[in-house]
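What follows are several structures.
Look for subunit A in each of the two complexes below; its partner is subunit B in the first and subunit C in the second.
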Partner chain A sequence: MQSNLSVLLRNPLAGVFVVLVVIFVLSSLISPYFLTSYNMTVLARGLAFVGLVTIGQSMLMVLGELDLSLGVNGGLCGVMAGVFMVQLGFNPALALGLAIAFGAFLGLINGLLVTMLRLHSLVLTIGTAGIFGGANLVLTRGVAITGIPTSVQFLGRGDVLGIPVPFVIMLAALFIAGFVMLKTPFGRYMYAIGNNPQAARMLGIKVDRVRLILFVVAGALAGLAGVLMVARLGTAQPSIGDTWVLAPIAASVIGGVATTGGVGSPIGAIFGAGIIAMIENIIVLFGVSPYWQGIVSGAIVVLAISFDAISRRYLRRDLA
Partner chain B sequence: MAYLEIRGLGRDFPGVVALNDVDLKIELGRTHILAGENGAGKSTLVKILTGADRPTRGEVRIDGRDPLVDPSAYRSVAYVPQELTLFAQMTVAENLFMPFDRSGHGGRLFNRRALMREAQTYLERFGIEARPSDLVAHISVSDQQLLQIARASTNNEMKVLILDEPTSALTRIEVDRVFRVIRDFLDRDHAVVFISHKMEEVFEIGDDYTVLRNGEKVESGRVADITEADLIRAMSGRHLAIDDHFRPGVPVGDAIMEVRGLSGARFQDVSFDLRRGEILGFAGLVGAGRSEVMQSIFGYLKASAGRVTVDGKDWPLNDPSRSVANGMLYLSEERKHHGIFPMLSLRENIGISIFELTQGPLGISQRREREAVTKIIEDYGIKTAGMGKRISNLSGGNQQKAIIGRAMATRPRILIFDEPTKGIDIRTKTEIYRIMKELAEDGVGVILVSSEITELRRCASRIITMHTGHITGEFDTATTETETLVGAIFGTEARADAI
Partner chain C sequence: MKRLAMLLACAAFALPIAVKAEDAAGTTKKDTYRFVIVPKVVHPWFDKVNNGAKAAAAALKAQTGANIEITYSAPQAADVVQQNQILDSALATRPDGLAVDLLDPSGNRASLEEAQGQKIPLVLFDSVPPEGMNITYIGSDFCEQAKIAARRLVKLLDGKGEVAIMMGVPTAPNHSIRAECHRKVFAENPGIKVVAEGIDNDSIQTAQQQAAAIMQAHPDLKGWVASDASGPTGIGQAIIEAGKQGKVALVGLDNMPEMLDMIRNGVADSSSASQPEMQGYWSVMMLWAQATGAPVPNYIDTGNAFLTKENVGN
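Coming up: the complex of A and B.
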């Protein structure tokens, strides 16, 4: 056997997966509260929302793009869901569908500006993030919309076989994204574009169309995350999505997505998101002073990516 | 005692012996030709000479010192890579002295005026036609090439200068500028190691030579004592007739493609026919507009006027994806920018074009893709340690073969080769010529854009010459003198009547 282990280690996900397992095992040993079904449910539910945004962001990053408006997009979609259901009295299913479609529409705006005017997505989305976030405040004046129908709350609070519903939805989205990226021509086109957009165009790949579709998909996933968060909270909070900007980018990088594009996958990015979620979780369980939490979680993220970089360098030398 | 001497040198990588038992003697005041096919071990040897890699066995002596013991010995060896590695958005002077540790502008603070003054003396010595304050992005390619060489020589301790294909992007006149610089180095009692696949240049500038093949030294001696055929035989290990021609041997048929009055950003009013059974050559200087014409037909660049018909039907312009879908492929001169996906594996790089073969009911089938790619690797003789290796780890020739194999797998109707043999060794060149010939004989429309007249003469049935965006002539290769072609390329006396 030119051993299964070396094949496994050669997989680019190996480094981040090892880190994930190590942190999981350490956390279980350190805190008796970590590996309880209650805490696991909390962890999974928390991971679900930021995970959906991470899937979209990591796919854009593989293309070499970045959307900094995904967080406020999610927040605005949550608010829109509230407006549709409470203020306009729409049927909940219709309202949620419209809110997610609205997220896709916001993504479409970003995508059209990037592809038609050749704008730099990072800078553009700083601008559109300001607009979307501002629209949120104009609509809500900073006040949450209450009175969300209890019928939709199952989507945020319910379980399927003991697994939180949002987590199941996130896994389904991850499965679809992983399948598309690894098993379909469209996915291969994404990697090709992220590696070398000129060469992709020379091969007849419709580069702009792929980019546009991905902005729309990422927007819809952010909208979905926002809507599920409303179902979870039972109110449409204007602050939804505030923490969905940098964490998905950090998670993607930890999970092996290159900031320059062309490498990585949403699966690795979700592993990265899992690492960040566990770190934040254990800090709380450990009773670290809130003033210190930023320093501790930041330091662990730095350690995690350093470990990954070192292990990768070691492996590459081995296989050169 | 030679200034730089290597004995019994070997370098092993896991599973591969990259170099074995190599001897090399570099003497001051002489140009040493380092010859070998792509993948013969030249790059590994250069890395060891410059200290970027360490040998597994053997001895290196630079001026009698062992650089493995005393790394300061490496300082007398400078290397200029084939690719331009300049900072495009910085000035000529800044590029010259980066990282500012050896220029004499003095002090710890950046003294712009002293830097510019000092740069001026280098620019004059190397005949660089640019001002020290110009941005590198704005100076010509040949000036950039010379600037790279000048940068290496700002090192006062330098005695040996290694030039890796310094002329591959240059025209003949520009090559002479590089040669002047090389002769100046020799006069200053430096040694130059010259790596090139262009035989003409090797015999013009070379004093001594060493040939590597499959990681071993096969021959060395004085260039004056050998012929071009000897050198090629030493590199390839077999006899390759250099004057074989590869012009298709079938009767020329009707037109596959007709181009009428095509204009674009850097060319005007281009009209020609591509006929079945021929290879149509395009000759011209760098910047004559040949690539732009081809890229506009392909749809990558915008055409502002004119029309193209293929098999009598209107051909859609400005949309490369429709061109590909309709069976036209353009293989760019710029492999790095337009050809490969550097961070993806060889398998993924080839797989991107053959989804019809690899798609199963559950998406792309790994097994089918492996089989299809294995076949292409075998058919085109691509040398690789495995299809999972990143394509950027392959040699240039093997990357080019992968790109051609990928293109052929789509069974194109029209194939445009733009400088397909740039930086590629002679054996691979002949393989590419053979592929083009077979394609043309099978009825595929083949266009060859090349700056090498010998290459065009060997392959093309007909040659169209371009000068500053215009067609200046059309010639039947078999009945035209090289001088006539050169005249048309330089825009003097376009003799269309010579057909």
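Coming up: the complex of A and C.
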């Protein structure tokens, strides 16, 4: 029995999962509105969009890379979906597919620059974020593209057996990412590169190819998030993605992904994103003053990661 | 038998009165009401709206004895995605009413439809409803407010010179309406040339940066108008930093303390001001009326005030 508990607590996801459960239970006890089916839907839908970007960002972080352009990539892909559907009159399915492919293309640009020119991904993507965000403004002049066909709005507003469609899509993406990272040789290559790229190269792992693939995948996931948000809003807003820059990085770190690479998984990152989404939700449910929101949400995040770190240290020591 | 007949007669007389009282609009009564106010963004202009809302809550409590709770939930950034997230979370608390300043009518539509689906009373302030949606909205005539400012600038410049427009949040309907009406007034005056338009996204810092850059690029610029409350403050700072006070005219918007100071100091000539406290006040009144079952008007005009050095006070 103690052995099973020991195995459970030694799991790197145990700490963040416990924090997630504690916040969930406390919120349920304190607010009568938290555990309603409607609020659960609101939470799931809100988590889905930033969750997709978080999956991509956390995979890059495991590799030891960061892409700060993923948020604006998602926004630009949303706008491109609007351009394809409304201004160019493309079939909606084709338009959405093209917009997601465009996100992958933007990721490819980042990946090529990182691998070919040996640029630091953090610095490079600050620059490309400016370019992608600027392109967004050039295309829209700051004005949303309206007239998105209602046929695509099911992807953002609809549900499957009461579960929001974007959340189902996010879960599917998480399952695939988790499977690849934890169960395939490609996933093992990712951890090897994240731990020591030189050693990985000496072992014969095609480091640059893996990097390139992951930048493309992260770009496509950001594009998917942007497209789904357009389906949710019914307009292609130039501001889509503005809040998807730091939140996925914070979620990944809360979820146990090391910024130095080689540690963590998208599953932990989604737990982290869940904690952030719950904090944002309960702040409104509890009617916290907007001027106190930063302090309250920041304090909860600090408490959460402190609890995670302390519990790991003490529980592992006790159970050793 | 006679007593029974009398009882029946009394009941027959009383019934229509009772039915009428039960059916009468605005007679539903509760001891407590909770109204949620969701502005565009955290901003001092919306604090004034919140103050007005609280004043209305106090007035209703004094007059009716009911407890009116005002919950103020503002997005940290002027982002429609974040605002929808707040609206959806606020709906989960089943409030007695929701007053919203829409960032974008089309982008906010799904959340508003959700509120209507849940039969939660809705009021919009400082913005107009999405096309085809019947929601009471409260505000001033945005176009007229902008025209007052633009006409004043034209008058200050004797009908000739280069001018610039600060657009605020381009997707916000009130900001875009004001920008469009500025353009209309300038187009009516052939001597006036609009040489630049900035986007400040309702941020004083962005407005200052945009205004500084535009004045660098257009050294002959003679005047500014703005479409949001943050714009004039940023423009005023840029004018002071560029040493162009007295050379570049500024006709501002709204009645923020910084705006009033700039009028007093002569950095700005005047301001065409909406009345945020009144918008908050009547938002709560309209929500309360709806919650009691009373019919409400489609639109309430809270009017504009024109502020100059003469009437702005100390």
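We adopt the following convention: the second predicted complex is superposed on the first by the 313 of 320 C-alpha atoms of A that agree within 3 Å, B and C clash if a C-alpha of one lies under 4 Å from a C-alpha of the other, contacts with A are read in each partner's own complex, and residues count from 1 in each chain.
Throughout what follows, a residue touches a chain if its C-beta (ideal position, glycine included) is under 8 Å from a C-beta of that chain, and two chains touch if they have at least 3 such contacts.
Worth saying up front: this structure is predicted, and the values here are computed from it rather than measured.
J.: Put subunit B and subunit C onto subunit A via the superposition and say whether they clash or fit.
T.: fit
J.: Could you figure out whether subunit B or subunit C reaches more residues of subunit A?
T.: Comparing touch counts on subunit A for subunit B and subunit C gives C.
J.: Touch test for A:Val143: subunit B only (first), subunit C only (second), both, or neither?
T.: In the superposition, A:Val143 touches subunit C alone.
J.: Is A:Pro185 touching anything from subunit B or subunit C once the two structures are fitted on A? First, second, both or neither.
T.: first
J.: Looking at the overlay, does A:Leu171 come into contact with subunit B only (first), subunit C only (second), both, or neither?
T.: neither
J.: Examine A:Val86 and indicate which partner it touches, taking first as subunit B and second as subunit C; both and neither are also allowed.
T.: neither
J.: With both complexes superposed on chain A, which partner does A:Ala258 reach: first (subunit B), second (subunit C), both or neither?
T.: Only subunit B; A:Ala258 stays clear of subunit C.
J.: Answer with first, second, both or neither: which of subunit B and subunit C does A:Ala101 touch in the superposed model?
T.: neither
J.: With both complexes overlaid on chain A, does A:Leu13 touch subunit B (first), subunit C (second), both or neither?
T.: A:Leu13: touches no partner chain.
J.: For A:Ile131, select first, second, both or neither according to whether it touches subunit B, subunit C, the two together, or no partner.
T.: Touch status of A:Ile131: no partner.
J.: Tell me which partner A:Gln198 touches in the superposition: subunit B (first), subunit C (second), both or neither.
T.: first
J.: What angle, in steps of 10 degrees, lies at subunit A between subunit B and subunit C when each chain is taken as its C-alpha centre?
T.: Between subunit B and subunit C, as viewed from subunit A: 140 degrees.
J.: Looking at the superposed set of three chains, what is the minimum CA distance between subunit B and subunit C in Å?
T.: It comes out at 38 Å between the closest C-alpha atoms.
J.: In their shared complex, at which residues does subunit A touch subunit B?
T.: 179, 182-185, 188-189, 191-192, 195-196, 198-206, 258, 262-263, 318-320
J.: Going by the contact rule at the top, pick out the subunit B residues touching subunit A in the complex.
T.: Residues 13-14, 298, 300, 320-325, 330, 332, 337-344, 348, 351-353, 355, 359, 362-364.
J.: With touch defined as at the start, can you tell me which subunit C residues reach subunit A in the complex?
T.: Residues of subunit C touching subunit A: 42, 71-82, 84-86, 88-94, 104, 106-107, 109-110, 167, 169-171, 176, 199.
J.: Using the touch definition from the top, list the residues of subunit A that touch subunit C in their complex.
T.: Interface residues on the subunit A side: 31, 33-34, 36, 38-39, 42, 45-46, 49, 137, 141-144, 146, 157, 229, 232-235, 237-240, 242-243, 280-281, 284-285, 287, 289-291, 293-294.
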